[in-house]
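Going in written order, the chains are labelled A, B, C, D, E and F, and every chain counts its residues from 1.
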Amino acid sequence: MPTVHITRKVHFNAAHRLHNPEKSDEWNGDTFGKCNSPNWHGHNYNLEVTIAGEPDPDTGYVMDLGKLKDLLWETIIEPCDHSNLNLDVPFLKGIIPSAENLVVAFWKQLEPRIEGARLECIRLYETERNFVDYRGE
Amino acid sequence: MPTVHITRKVHFNAAHRLHNPEKSDEWNGDTFGKCNSPNWHGHNYNLEVTIAGEPDPDTGYVMDLGKLKDLLWETIIEPCDHSNLNLDVPFLKGIIPSAENLVVAFWKQLEPRIEGARLECIRLYETERNFVDYRGE
Amino acid sequence: MPTVHITRKVHFNAAHRLHNPEKSDEWNGDTFGKCNSPNWHGHNYNLEVTIAGEPDPDTGYVMDLGKLKDLLWETIIEPCDHSNLNLDVPFLKGIIPSAENLVVAFWKQLEPRIEGARLECIRLYETERNFVDYRGE
Amino acid sequence: MPTVHITRKVHFNAAHRLHNPEKSDEWNGDTFGKCNSPNWHGHNYNLEVTIAGEPDPDTGYVMDLGKLKDLLWETIIEPCDHSNLNLDVPFLKGIIPSAENLVVAFWKQLEPRIEGARLECIRLYETERNFVDYRGE
Amino acid sequence: MPTVHITRKVHFNAAHRLHNPEKSDEWNGDTFGKCNSPNWHGHNYNLEVTIAGEPDPDTGYVMDLGKLKDLLWETIIEPCDHSNLNLDVPFLKGIIPSAENLVVAFWKQLEPRIEGARLECIRLYETERNFVDYRGE
Amino acid sequence: MPTVHITRKVHFNAAHRLHNPEKSDEWNGDTFGKCNSPNWHGHNYNLEVTIAGEPDPDTGYVMDLGKLKDLLWETIIEPCDHSNLNLDVPFLKGIIPSAENLVVAFWKQLEPRIEGARLECIRLYETERNFVDYRGE
């Protein structure tokens, strides 16, 4: 049976700030520049989630995209959309919300809940010009 | 001489919150929903600025796009990028930062500084699915 | 008070066929080519709806985008999405479903239901390379 | 010699319906929802085909993109464009036309005809928000 | 009868250089900067052509898009694609190939050949961030 | 520690011509067609550079994107932007500037200068429809 990868794109809007509370304000300003701006800034985040598996002969589906969409809503979009990623999201507590750290945290939320197929990649666009990928490695 | 419209796209990232301080929290929650979220959310804003004029016979330019880019930087991008639109931008003080109000405020900053041509339209994308246009009317 | 235009993008998927039942098969084949293919073809239609009005001083909104989205759902998306535009949509009966005719038909559905603002333009993308605009003229 | 991957994007428009004729109408409705709509729906499909190989020292080409475009036209675009994927395409007979099944079927058509290089991946966008990849595995 | 606007997107690739031969090299360098680079540079130009008219009751078409595509090919794409806009295109001789001047020159080629409808606008994207519009005014 | 891939998009505009000086004009015309046009043509090139590494616990960064942007500017954008790729770029001397050859040449410039992380992939879009990837293999 062939293995096919399916990808679903979703999006959310959020505020954040790059700041390491264990370091001085001077270090934070030098390291993060404008991204350390004290009153937050924000992004339209676009997320692409890729699942690998064999198409079910009865349906032709690797996974029902409606179910995947629901799962993404519960695990990522509902907690993060229109939120402050530093303050409001329980599973991001204590994490500097860089795109790199976000995508690893999203993987930990989502991976245990994928059944009958394998989470392959999560791609997060912070802007149209910057994105990160995590493959569970 | 022909009149040509030229458009330059720029972008900035910012946090904001829709909140009318003259109304109750209940009214704000009912009216703005998730956009009233207390700890802010944010967007990658895309801005398209359109200038109308006659191409200069010596250059073929309605306006030097480098000069337009500098002007957009000074009047809009520098004050708004990586900022909180409710707290950090002097020319937005007292304004509910809806896309509609932002685009009118940007017009007031930019229009007096365009010389030798006419500001025709400012379009602001709050997300890929929502945008507003203001034409000075 | 300034007049601002707000635009909301939505989408639907549908099958259709260009065919004039009052003409011969030969005329239809010569006129519409592949678009007359007997077993239908289809598109991912993207729709941009533009509303003009003055921002409400209490909200900064020309119109609540959530209400506009609901209205677009009721009048256009729910009847057309995953449908056959020649067979399934009551308000398209007897209309050759060219992009031009669709956009005029959508206007007639939507325009009477916009309150407190003015429907300004409906743009329909049939593909990424072809779109039509109707302004009620 | 370095191995480079080259990708060409093409597109086609088609109608389809997700329906398993060996199952009851009730099963089909429950499983496929709107995608089981009896009178078909359709999509603007975008296809990205990736070929791997070493650039020819005389041309700098892994493969002449004009030849790849012609091959894609013959094997995929000509049979599928403006067609009904359930009824009109000989090589899709008996296949439920999910994106997953389509991309595997396209691979079988295309792979034997690539000479002097290796078919690496076929990506099919069913909508802007959903796509599938097949790598021959 | 309603008036609908239809738009077709096409593209071409070309080299050009901004240089006014009646001025000194110093003036050209100061005025055009990198765009005056002596050995040319180039762009993927995207062109959007908008036609206004009433849909024909027999076809639902303002204008057959296939005929419009052919007309665009003959008047603009064939002469400009893979060309040097300063040296190779007869109808651009003596014109500084700024986006503003190009779009006016394209209008003069195309407008007299549109029959049964009205050329409304030509939009030319020089890059994804810069475009110009001409409306025959 | 997890390995995350980060990607930064940049762009440049350039003229080029596909021509092998060791072959006859007839061979070049037959092989490269319009891409052999003697007075050059050009493109808006889009470049996506992917770096793999472990996020630094202090910053959440695999690599500071500002530093990556500066490095891309020095090694690729500054020499190539608004240039003629056949004539003006020292590190492309003697290379037929196909997208395949360009991406391998860019790798050689960039790879030795990445510190503390690994260059994973360079993707070059010659047009919106054609792109190439090189992974150092």
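As a working rule, a residue touches a chain if its C-beta (ideal position, glycine included) is under 8 Å from a C-beta of that chain, and two chains touch if they have at least 3 such contacts.
Nothing here was measured: the structure is a model prediction, and the numbers come from that model.
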Point to revise | Steps in the shortest chain-to-chain touch route ending at subunit E and beginning at subunit D | key: 2
Point to revise | Shortest walk length in steps over touching chains, subunit A through to subunit C | key: 2
Revision key, fill the gap. Intersection of contact sets, subunit D vs subunit F, gives A
Practice item. Would you mind reporting the rotation angle for the C-alpha fit of subunit B onto subunit E, rounded to the nearest 5 degrees? Key: 120
Check your understanding: Count the touching C-beta pairs: is A-B or A-F ahead?
Key -> A-B
**Study point:** Chain whose Cα centroid lies at the greatest distance from that of subunit F
**Key:** C
Point to revise | From the options A-B, E-F or B-E, the pair that copies D-F, where over half of the contact pairs coincide | key: B-E
Exercise for review: Determine the centre-to-centre distance between subunit B and subunit C, using the mean Cα coordinates as centres, and give it in whole Å.
Suggested key: 28
Exercise for review: Could you give the separation in Å between the centres of subunit B and subunit D, each centre being the mean of its C-alpha atoms?
Suggested key: 42
Check your understanding: Which residues belonging to subunit C are in contact with no fewer than two other chains?
Key -> 128
**Study point:** Every chain pair in contact, whichever chains are involved
**Key:** A-B, A-D, A-F, B-C, B-E, C-D, C-E, D-F, E-F
Point to revise | Residues of subunit B touching subunit E in the complex | key: 2-10, 50, 55, 58-62, 65-66
Check your understanding: If you look only at subunit D, which of its residues touch subunit A in the complex?
Key -> 18, 20, 23, 31-33, 95-101, 103-104, 128-137
Review point. Okay, in this complex, where on subunit C does subunit D touch?
Key: 11, 13-16, 34-35, 37, 39-44, 81-84, 87-88, 127-128
